[in-house]
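Listed after this line are the structures, all set down as structure tokens.
In what follows, chain A forms one complex with chain B and a second complex with chain C.
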Partner chain A sequence: MIFEVFRQERRGQAFAHAGSIDAPDLEFAEAWAREQYGRRQESEALWVVPREAVREVHDFPDELSKTYHRVDGYSLKAKLKEARERAQTAESAGALSADG
Partner chain B sequence: MDARTQEFVEYVQGGGQVETGDWMPDEYRAKLIKFIEMHGNSELMGVLPEREWILRAPTLQRKLALTAKVQDEVGHSQLIYRVVEDLGKPRSQCLQDLVDGRSKFHNVFHYPTKTWGDVGVIAWLVDAAAIISQKALLKCSYAPYARIMKKICWEESFHILHGRDVILTLMNGKDEQRALVQEAVDRWWGPLMTFHGTAIPADEDPMVFWRIKSQGNEEARQQFLDGYVPQIWELGLTVPDQELRKNDDGVWEYSEPDWDELKRVVTGHGPMTAERLEFRRRFLEQEAWVREVVLTEAA
Partner chain C sequence: MSRRAEQLLEIADDELILGWRDSEWTGIAPTLEEDVAFSSIAQNEIGHARALYELASRDLGTTADALAFDRSPEEYRSAPLVELRRLDWARTIARHWLYETADELRLSELKSSDDAELAGLAAKMDREEVYHRMHAQMWADRLRGDERFEAALDELWPYALGVLAPEQRPAFADRVGREQVDAVERGEHSDELRELWNEMTMVRRSIPGATW
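On to the complex of A and B.
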């Protein structure tokens, strides 16, 4: 059986795929994962997962071009410029009327 | 070349990486298997010259360090054979082809380890030459292989430290100990100079074409010379090559290595080839019952 091994290097970090192990059962897989990825204390924790248990998902189409949930869906630069100019104009207009 | 293959070539040549389940041209898969399998074989055969010295190591600390190095290298071969297996060639077949002499392993592992000086030179200079190739594989177009290379390179860096420590201890010892190191450097220089292969231009190397390797052979050798010849010289050791020198343009010049010997050795005619393959075969057969018991119990 093939087991995929995910490794957490330090507490708080994400688990990242480290490699796979060929073992007859989970008990052997754990023993070998410990030897391969933990014997120098280089890992905080391991996830040992039978390969069949991993569901791989691909392709994420965006048919409706839903830009509103992406960073590039918001072009603030031009709008901000306009807003700043407007605020400045209003300010100087206010100053003029105060002088008068 | 069909359009799909053409597109694949452009993808990998542009730095793209490939995963196990992705479509790949048959030729790419075959090249990967051959290359990675030879790497796995080399890790497995590479422990034999060192294993011979575990019982003869000069101190308990050295014995433990050498045992740990052997465990590291066998661990590398297990990781590497897993990658080969996912590409379609089972590990059992790799091992059978190895002991039957149908596949290759690196030239440096076909030579004897005559003294403790050889053990030091192997861990220091052979591992240094190997880490140069392996670091370049971190950028391999086949991602699962590139990923395990991170762990392998990390562990190899311990081996070089271990090797340097052995060498420095000997060099700070008696004349006889310094002589052991010099003799070992003399013995290993030839195999080290052919280790990275002939100076085939990178754009004619099929392994570079598919971006399995990203570095030309001569580039790797130059990097080795540049990094390690000064380290050898500063200890008062000499290199057995009268032509060896660094030119003003930074390129190292050296006498033509013995390519015939390289060819002879890697095709199974090295001084220790038969003996070490026989050793592997004996253990493969002797331990077959362990695999049987484990697999029967698990079933």
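On to the complex of A and C.
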């Protein structure tokens, strides 16, 4: 049985895939994962997961090139500048009205 | 030599020789994962030996390296169980499981010793031994009933008894569900230990007094 091992390097960090282990059951997988990924104090915690429990997802079609779904396909610069200016105007308007 | 130094050397020699024997599986263990795990356990045992030798060396006015490598084979106090050269997985696991069970009893007594230094080191070692026991137990559970494993337990049981002092043996027999028999006691060494010693001390003997 194949088990996938995920390793957390420091408390609070995300777990990242460390490698796979071929073990007869979860108990062996845990013992082997411990020695392979924890004996040098390189891990805060491990997740040992049967590979079957992992659903692998493929294929993310983008037939119509919807670039606006991507960060690089949608420029925020101009929009942000405009919003800042508007906020400043509103601020000074607010200040004026407070004075008045 | 004080009883404390004797006791430290007995355990240190057991751990050093067993660590050496276990490391003979490096590269040829049954699976890659087990190879890594068993080699890591072997390194731990040698680490325990070093800590114990360091403690003993202060009592004896010498160094840990001198204790580990500069004594003659006859001066080692290791139990015959750890000296056996048995490159057979069933026997290796039988020895590992018997030794870890005995070692747990030995450490638990040391942990409650009045000697704070000894008790402190025993507690530290035990925190690693927990995982050795877990490893030994899962293998023993898996091999239980296997003809070769059961034969290995029968063969090694008198040797295993020799790891512990006579007063600790009834609890050991009880723990593993076996009758007490005549133990193979510490003191006599086999040719297998002399061969191991030749190999283990070869580099150090090649340039006496060198610092590495």
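Here is the rule we go by: the second predicted complex is superposed on the first by the 61 of 100 C-alpha atoms of A that agree within 3 Å, B and C clash if a C-alpha of one lies under 4 Å from a C-alpha of the other, contacts with A are read in each partner's own complex, and residues count from 1 in each chain.
Simple rule for what comes next: a residue touches a chain if its C-beta (ideal position, glycine included) is under 8 Å from a C-beta of that chain, and two chains touch if they have at least 3 such contacts.
Since we're looking at a predicted model, the values are computed, not measured.
S.K.: Determine, for the superposed arrangement built on chain A, whether chain B and chain C clash or fit.
M.R.: The answer is clash.
S.K.: Which of the two, chain B or chain C, is in touch with more residues of chain A?
M.R.: Chain A has more residues touched by B than by the other partner.
S.K.: With the two complexes superposed on chain A, say which partner A:Ile21 touches: chain B (first), chain C (second), both, or neither.
M.R.: both
S.K.: By the touch definition at the top of the document, which applies to A:Arg34: first (chain B), second (chain C), both, or neither?
M.R.: Only chain C is touched by A:Arg34; chain B is not.
S.K.: Looking at the overlay, what does A:Glu56 touch: chain B (first), chain C (second), both, or neither?
M.R.: first
S.K.: Once the shared chain is lined up, is A:Trp47 touching chain B (first), chain C (second), both, or neither of them?
M.R.: After superposition on chain A, A:Trp47 lies in contact with neither partner.
S.K.: Give me the intersection of chain A's contacts with chain B and its contacts with chain C, in residue numbers.
M.R.: Common interface on chain A, chain B vs chain C: 21-22, 24, 28, 35-36.
S.K.: Which of the residues in chain B end up touching chain A in this complex?
M.R.: So the residues of chain B touching chain A come out as 21, 71, 75, 78-79, 82, 85-86, 91, 144, 147-148, 151, 154, 294-295, 297-299.
S.K.: Under the stated contact criterion, what part of chain C meets chain A in this complex?
M.R.: 31-34, 36-37, 40-41, 131, 134-135, 138, 142
S.K.: Within the complex, which stretch of chain A touches chain B?
M.R.: These residues of chain A touch chain B: 1-2, 17-22, 24-25, 28, 35-37, 42, 56.
S.K.: Which residues of chain A touch chain C in their complex?
M.R.: Contacts found on chain A: 21-24, 27-28, 31-32, 34-36, 39.
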